[in-house]
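In the two complexes that follow, chain A is the common piece, with chain B as its partner first and chain C second.
Let's turn to the complex of A and B:
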């Protein structure tokens, strides 16, 4: 029984991490219908930003979050304005956007190699290995913090999308961009802001990951894959679905160790991805755009 | 009777043959050119840079002494070094270019098993000696290539050496008998070799060592809680893991956070790195055992190692070398020793010298031999180090080179 409780706690904590990684990818796809392959690169950049602020300024990684959000938001807006806006929309733009954003990812990675070399880095704080007792097991403070932020993030996103003019505009553009133009919504501006928010969420995932894992310029590829699985499971474009899908994926992976060898547990998510794409292509919770 | 036609053809062929450049004899050539690639950019860039330091030092040493003596004449040695960008395809194509376009005399290897595995096929196809210090996976050598020579001992021996130390502790009554082992390994050739070393030792121990958890994991794992839970539930005495640095940091953070403690903890070759100590905190890495191919501490007992450490410190501002630089240096030095022994750069003569000579070496044991029955991979043991509270990591095994007595039962664990 204790073992099951331990596994359940681990699953919830892991879900927090997965959800944080996936929100940005889901938001950008939900509004722009663009799969942001640079997402992994921005996660890596967020990790390095947090690390640099910790190393150079002695700033706690959690206190560096606002700066990371601002910088990666700015990068996202710039990326949209300079590159992504020139791509054709819809299915025709699919391959072009994939190739372009994959190129941006490679560029980010190589810039990181030039600046920081391939050495593994880690953010170490006085509480990096500290844990608190919970339900009879010990829970890492960092993972608990990540879970807290993973819960707060969709709530904040929900409030932004439901309670603000900007949020209503984003939802409207996601549903019908042409009609928005007719009623005077600056669609290009909304796209740029959405790309910026999605990138900021990737940056947030990066700095949070850096508190748990060591990283190097290749960091982000595994995170992108997990994010992709979560977003597809949750239903492309559904923020709430993303959170629930992260929980389902984490539970499946963690509890798989009861019946599978450890090295196969990472494959569970990809099996689920294939099954969902075949049986329920809209995702487990349907394609409710930003619902 | 020879016809005029046949005669003229024979004459033409003879003239053609005379016109061909004959392989340069040692007395005629101006220098010896050695080709190599290293991962100077990409994922393995850090280690590639360390190997380059070792190569540069070995070439500088020979040239500063007037060159390499071949057939009674001293010839300068030149290294043509290319960046293989940590990718297999580039490593292979560059090696091909070095052999067939740059016409290098001999080849030195790159770093990382997967790159060496791919690149060594070029050497085999072109029949050119290829000495490497960067490929440790036994599967590279199981192909029994004739032109491939490896200076990195198999990772199996890391597991074996680690268990030999533990076995001594058990016999001294410092560890329980029988003792339970959790064997956790990354799902790579490296991890599989480590597993083989430990499990074969345990299998032959007559029940003194019992592997009760035997699990592998994928590289760059995000969460090891479930795996660690399994280890915790098994109540093991020894927690033996083979992991790369990122997984070591992630797993050990979770290990410490979850309040786990085992009498013996090792992450294979990882444990004493400054980066890891910084990431995990000194108090959390105390007592961890690590096995490495070479340590600067060997300088106190091995003249070759001392010579290398002195040379390295003189050239690199007093910095103490790690095993990467030592293996880079030794790889080039052994190739030079083989050329000297062969008295020529003739490929077959150098290959024969490598295959048949027992070289004095800076490696643990003091000798390097490339025996055919193990695919010409050296079989020197590892040195086991243990992290101490004062931040040092002295060698604790083998006894002949040990600088401190190891601590068998982790003092952090409750009695």
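Let's turn to the complex of A and C:
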């Protein structure tokens, strides 16, 4: 029984991280219809940024979040303006944008190798090993903090999309870009901003992961796939759906330990990905337009 | 990515050129006295060319970009290796063939993903490929787990692999050409252009994709099987690795997706780049492929073969225009 509670608690904590990873991918796909294969690379970059600021400036990883958000936002806008803008959209552009962004990912990985070598790194703070009692089991303080941020993030995203002019413009562009041009929305600018926000969310997921896991330049490929599972499972654009989907994935992964050898639990996400894509390509909770 | 123009050479000329090319390559080791290093490098290139061409059937003709072909490469390699490790060992060609067929059957397991299109298909293949890698690495009884399998070293077989590889390339090239020229090939291009419209004119997209995926799987499996004999040591994390799937994608894209010359050219460039970059700048080779991908997608979607076509056209125009003015 105790074991089950432990597992449930760690599933919930993990779900927060998974949801944070997925928002960026879902937002960019929802608005631009482009699968950002560089997503995993930006997660990795976020992890390294947080680590560098902790190593060099002694900045607490949670305090470095604003900087990481800003840098990865800028990177996303640049990526859109310099590369993604020139690609064909929709079904015809599918393979092209996939391959292009994959190229960007390879490049990011290589840059990380050059700067920081291929060694595993981790952010270790004074409270890294601290744990607090919760529901009769001990929970790492870091994981709790990550969960807290993971709860705040979708609320902020929801408010941004629902309550601000920018958010309304983003949702309008997702629905019908041509009509937006007619009423004077600068569609290209909205695309660039959306790509920036999506990348910033990936960067955030990166720093948060770095406080819990060790990482190297290849970090991010598993994260990309998990984000994809969550996005597909949750249906596009639904913030609540994304959260629930993240929970389902985390529960499946964590509880797989009971029936599968630990080595194979990593395969759970991949198998779920294929099953969901094949059985419910519209997501478990149906598709909605952002918000 | 627009459909490239169909091969324009007349069949007879193509057949002669093709036969001459294969004969020349077959005679090369005897005539030129290749060093063992070059001999093996050419063998490896043959294997990669076959793999890239077979990937292109799916990625180029049907337009379904697979990031999971390593699964078939691995199955082919390990089935062949197991048969070669039997006591007494199976004859090598039979073991390779069995590897290829097993990979083809394994590829049919991807059937449910084939009704997905575009990025959904690509991502699903990443999932399938990675799941295969984990399962086969875990299945120590079959693959030896992460310590892999060692095959008995046999310099004679490795030397002869050159011609087996060449035969495979010739076969796959001929098959690519036939597919591209046939109604079947046109139907595949129709699926690529618009699945629903293709269905309206009676093209059974799912069935055709199954056929192409299985055929592609057989060839990639054969490639994996020959590769197992070539290296005489195989390890599931490498054989089923994501990097291996990617390398097939890269070769086809660098050379030119959907063309026949493309994957050939791409594989040659890929093997050479890899050989030299890994030797002198191991820290740069991933990024170089990244830059190549970005540049190709932005400026020349048909890759190196598109570039070659463009150059040829420019040369022809330059040569043609003064003559035209004179007449």
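Quick note on the criterion: the second predicted complex is superposed on the first by the 289 of 291 C-alpha atoms of A that agree within 3 Å, B and C clash if a C-alpha of one lies under 4 Å from a C-alpha of the other, contacts with A are read in each partner's own complex, and residues count from 1 in each chain.
What we mean here is this: a contact is a pair of C-beta atoms (placed from the backbone, for glycine too) under 8 Å apart; a residue touches a chain by one contact, two chains touch by 3 or more.
Since this is a predicted model, take the numbers as computed values, not measurements.
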| item | value |
| --- | --- |
| Touched partner set for A:263, first chain B, second chain C, both or neither | both |
| Partner chain(s) touched by A:35 [first = chain B, second = chain C, both, neither] | second |
| Contacts of A:10 with chain B and chain C, given as first, second, both or neither | first |
| Partner chain in contact with A:75 - chain B first, chain C second, else both or neither | neither |
| Contacts of A:113 with chain B and chain C, given as first, second, both or neither | both |
| Which of chain B and chain C A:48 touches, first, second, both or neither | neither |
| Touched partner set for A:86, first chain B, second chain C, both or neither | second |
| Contacts of A:137 with chain B and chain C, given as first, second, both or neither | first |
| Chain B/chain C common contact set on chain A | 113, 261, 263, 266 |
| Interface residues, chain A side, partner chain B - complex | 3, 6-7, 9-10, 13-14, 17, 113, 117-122, 124, 128-131, 137-141, 143, 212-216, 218, 222, 226, 250, 253-255, 257, 261-263, 265-266 |
| Residue ranges of chain B in contact with chain A within the complex | 41-46, 49, 86, 184, 187, 215-218, 220-223, 225-227, 229-230, 233, 245-246, 249-250, 253-254, 256-259, 275, 278-281, 284 |
| Contact footprint of chain C on chain A as seen in their complex | 35, 83, 86-87, 91-92, 94-96, 98-100, 102-111, 113-114, 221, 225, 228, 232, 261, 263-264, 266-267, 269-271, 273-274, 277-278, 281 |
| Parts of chain C lying in touch with chain A, wherever the complex brings them together | 1, 59, 63, 65, 112-113, 115-120, 122-124, 126-128, 130-131, 134-135, 137-138, 242, 246, 249, 253, 257, 283-294, 297-298, 301 |
